[in-house]
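Structures incoming, each one as structure tokens.
Each of the next two complexes has subunit A plus one more chain, namely subunit B in the first and subunit C in the second.
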Partner chain A sequence: MIEFDNLAYSYRSGEYKALDHISLTIRQGDWVSIIGHNGSGKSTLVKILMGILEDYEGTIRVGGEVLNDENRAELRKRFAIVFQNPDNQFVGATVEDDVAFGLENNGVPREEMVRRTEAALEAVNMLSYRNHEPSRLSGGQKQRVAIASALAMAPDVLILDEATSMIDPEGRREVLDILQKIHGEGRTTLIYITHDLSEIEQSDHAVVMREGRIISKGTVEEIYQDTDALIASRLVLPFHMKVSKRLLGGEYMSYDELVKRL
Partner chain B sequence: MLSKMLLGRYIPGSSIIHQLDPRAKILAVVMFMAIVFFANHWTGYGLLILFIITLTKMAGLSLRFLFNGLKLILILLLFTFFMHLFFTKGGTVLIDGGFFTIESEGVINGIYITIRLAMLVLITTIMTLTTSPLQLTDAIERICRPLKAIRVPVHEIALMMSISLRFIPTLMDETEKIIKAQSARGSTFMTGSLKSRLQALTPIFIPLFISSFKRAEELAIAMEVRGYQGEEGRTYYRVLNWQFRDTAALIMMIIFGIILWMIRQ
Partner chain C sequence: MNINFKNLTSIYHQNTPFEHLALDDITTTFEEGVYYGIIGHTGSGKSTMIQTLNGLLLPSRGEVRVGNIVLRRKSRQKDIHQVKKHVGMVFQFPEHQLFEETVLKDVMFGPKNMGMDRATAEEKAKHYLQLLNIDASLFDASPFDLSGGQMRKVAIAGILAMEPEVLILDEPTAGLDPKSHIETMELFKRIHQDMGITVILVTHDMNDVFQYTDKVKILNEGHLVKEGRTADLLTNEVLLEKFSLEPPDIVRLIHDLEEKGIHFDQMPKDAEAFVRLYEEWGANHAQ
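And now, the complex of A and B:
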């Protein structure tokens, strides 16, 4: 469980608060989506959680333990993150080297490292690409490898910060399918950050952010129906929800349900 | 032209030379650099050439392929040859052109030195053609490890090399994209005076430069969140496996050196 309590943060150069007193609880095993337009503070939130940004106001508790300078490095091991640009998070010269990088850093013995690297690549269907160079992969494949690199660390929490925003729709589908599988196993908490409302359907809870504040939170259904918040945060409803709003009075339904009803 | 260049390229394969430990290959090349200087007459030079031809065959490469790929180097070799031809004096005068003379020592020296240089270029090329850059990096790191005692940051340098290798294709792709974008806006860097061509390059390098900084920053964050804290407490995924054949290869190189030493005059 992760609890943010009254979290606030300003960048030195910024006049605004990048985060303006945010309180949020994320339960273990949940899939939580954080939605918001560019600049709404989503990345700032995870950067604080990952210990990349310090000097924030408020408290963060991870599994009941307050995050501080002493336990930061240790608690960080429970999180793994996939960033937006697949090219800039690839450290290894080959797929398997990249997946092993985090394990090497943590001093995992070699046999275990090989086992975990293979298992992680298998989980994202990339094992047959283990010797490939990253530059020869598609965007979706690169992000799947990035997910494998994260999974190899056996994190409690997997964070994806707009991980699908630079890849094609097919790659996006592949990534979401893999997340669905991980979520189904029930062990890993997923924090899925996006500015695309059509990507949150599979999540348990969603949070809408705007100008450093949380302006709406709830189930996906509740978010889709909170029209005011969506308009205020300039988010565009996915096409099938627009159709449902126009024709069926805005009752929430998934794409498949809508097709059935029509 | 550039795609034909072999210098620094790697061609995957499964020959015995490909399979040798990269450390063995580097050490053998270093030994060879000393050995070429043992040769001091025709038999010695003949043996050197024979040795390199055998290596080429063992690596599954063809001589013609090697020569085609090294044409640029040929210019350098010819230059060396002519320098010696004209400036080394001694022996009988073969040609007396008035303001210059070509003497027999010059011809012989020119040929010898050119062979030496050519053999060195060839053996290094055979090494890089049969060893992936990543393996070479690993090997250099292991071989240089003792230098840590005198505070050389061996691990960091090796990591830098492997990250550079990893980013070369990414930056090439990006350069291509920027060039296309600028061409679409009417930039031309294929025509015009040298000055105007260089000026046209500026809008390519500046975006490339800026994006590289952003990449570097993001990569550093990605490394940090994955627990990178330098060399301490690190384990290694890639291991080098020194086998009997690697020892054998080095012993053969030593024997070859001894033979050359014994037949010198």
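And now, the complex of A and C:
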């Protein structure tokens, strides 16, 4: 479980624009989407979680333990992240080397390293590409390898920071399918950062952020219901929601439901 | 100015074990003033095609004719430079290519490099910066002090200031948030309409292709498999499925409603247009 209590951060002193006293609890094993426009504070939140920004106000508890200077390095090992650009996260000459890199760095014994690398590649359906060069893969494959590298470290929490925004629609589907599978196993908490409302459907909970504040949070249905909050947060409704809002009123419905009701 | 591909073949790493046929014997025309979409699966040859369009890649066989200039396998630098003058390319993340000390200098760089004198280059730069709503107070600022959206506009102004007759857009909205995505696409629409230039858009976003382009060319494994009016090709679900392309949202909805027995006599371009059409249909239906 991760708890943020009154978390605030400013890039300039005296202003709370980046993160303005937010409180949020994320349960172990949940898939939580954090949605917001550029500058809404979602990236600041990630940077604090990853220990890149340390000078924040408020408290963060990880598994009940308050994050502080002494335990920060240790607690950070429970987090892994996949970034936006699939081309900026490779270090190995082959897919397998890349996934093994983090383990090697942590001094994991060779036998265990091989086992964990294989298991991670298997989890993202990329084991048959183990000897391929990462640069020659498609965008979706690259992001799946990046997820495998993260999973090999056996994190409690996997953060995906706009991980699908630079890949094609097919790659996006591949990544979301893999996340669905990881989520189904129930061990890893997923924090999915996005500005695309159509990508949050599979998550358990979602949080909408604007100007450093949490505007709304709830189940995906509850979030979708409050279209005014979404529009005010500079988010763009998926096509079928635009149509249903205009023709059938505020109630959220799936695409299939819309077709039925028209 | 038209662009013609004649039996154009592009091969990477020719005569090596990595030899790869990226474009296979393509003959086609890009007509002046038309807004084109190039679509196809990853690896279909889209990137190769646009790099060939502006002289970044020379054909392995065949030729590309840009106005009066012909590029072949062994074309000279002088001709390539001429083509770059006529064909502007907005790469993915164009803001990564900013480098000058000030916004104005950055936008002036391209036109000066193309041989424009200083005064004219400055005049053009100011004109296009203003067209893209970059305030004059920012002209002397460092481009790196601007917001991401402003940086992208400055980079685009730098391309426009060269006054290309053809503008190529390579995934221009990749990594943008939804509002900026719409703003960027509307900006190119305005440029296309106001300046009357040919625009060639390469994207995976079928909704954008449907909404903004006049004509499309579909590539598959290096072959040009279909070309025609966007309104015809992107509403043909059998064709799209054959090349693993997703129909635009609006096309999918119209087709699903047709299966329910609701028929419309036209194809709307976006959600707003659909809403109006549906309300009309409802009003007629009620009588």
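Note that in this section the second predicted complex is superposed on the first by the 245 of 262 C-alpha atoms of A that agree within 3 Å, B and C clash if a C-alpha of one lies under 4 Å from a C-alpha of the other, contacts with A are read in each partner's own complex, and residues count from 1 in each chain.
Going forward, a contact is a pair of C-beta atoms (placed from the backbone, for glycine too) under 8 Å apart; a residue touches a chain by one contact, two chains touch by 3 or more.
Just so it is clear, the model here is predicted, and its values are computed rather than measured.
Partner contacting the larger number of subunit A residues, of subunit B and subunit C: B. In the superposition on chain A, contact is made by A:81 with subunit B only, not with subunit C. By the touch criterion defined above, A:102 lies against subunit B but remains apart from subunit C after alignment on the C-alpha atoms of chain A.
By the touch criterion defined above, A:89 lies against subunit B but remains apart from subunit C after alignment on the C-alpha atoms of chain A.
Contacts of A:37 after superposition: subunit C is touched, whereas subunit B is not reached.
In the superposition on chain A, contact is made by A:110 with subunit B only, not with subunit C. Judged by the touch definition given at the top, the superposed model places A:50 against subunit B, while subunit C stays out of reach. Common to the subunit B-facing and subunit C-facing surfaces of subunit A are residues 85. Remark: subunit A residues 50, 52, 76-77, 79-81, 83, 85, 87-94, 96-97, 100-110, 113-114, 117, 133-135, 149, 153 touch subunit B in the complex. For subunit B in complex with subunit A, the touching residues are 133-134, 162-163, 165-166, 169-170, 173, 214-215, 218-219, 221-229, 233-239.
Across the interface of their complex, subunit A is touched by residues 41-43, 148, 174-175, 177-182, 204, 207, 244, 246, 249-250, 253, 256-257, 260, 262, 271-272, 274-275, 278-279 of subunit C. By the touch rule above, subunit A contacts subunit C in their complex via residues 37-38, 84-85, 138-139, 162, 165-166, 168-171, 195-197, 234-236, 239-240, 242-243, 246-247, 258-259, 262.
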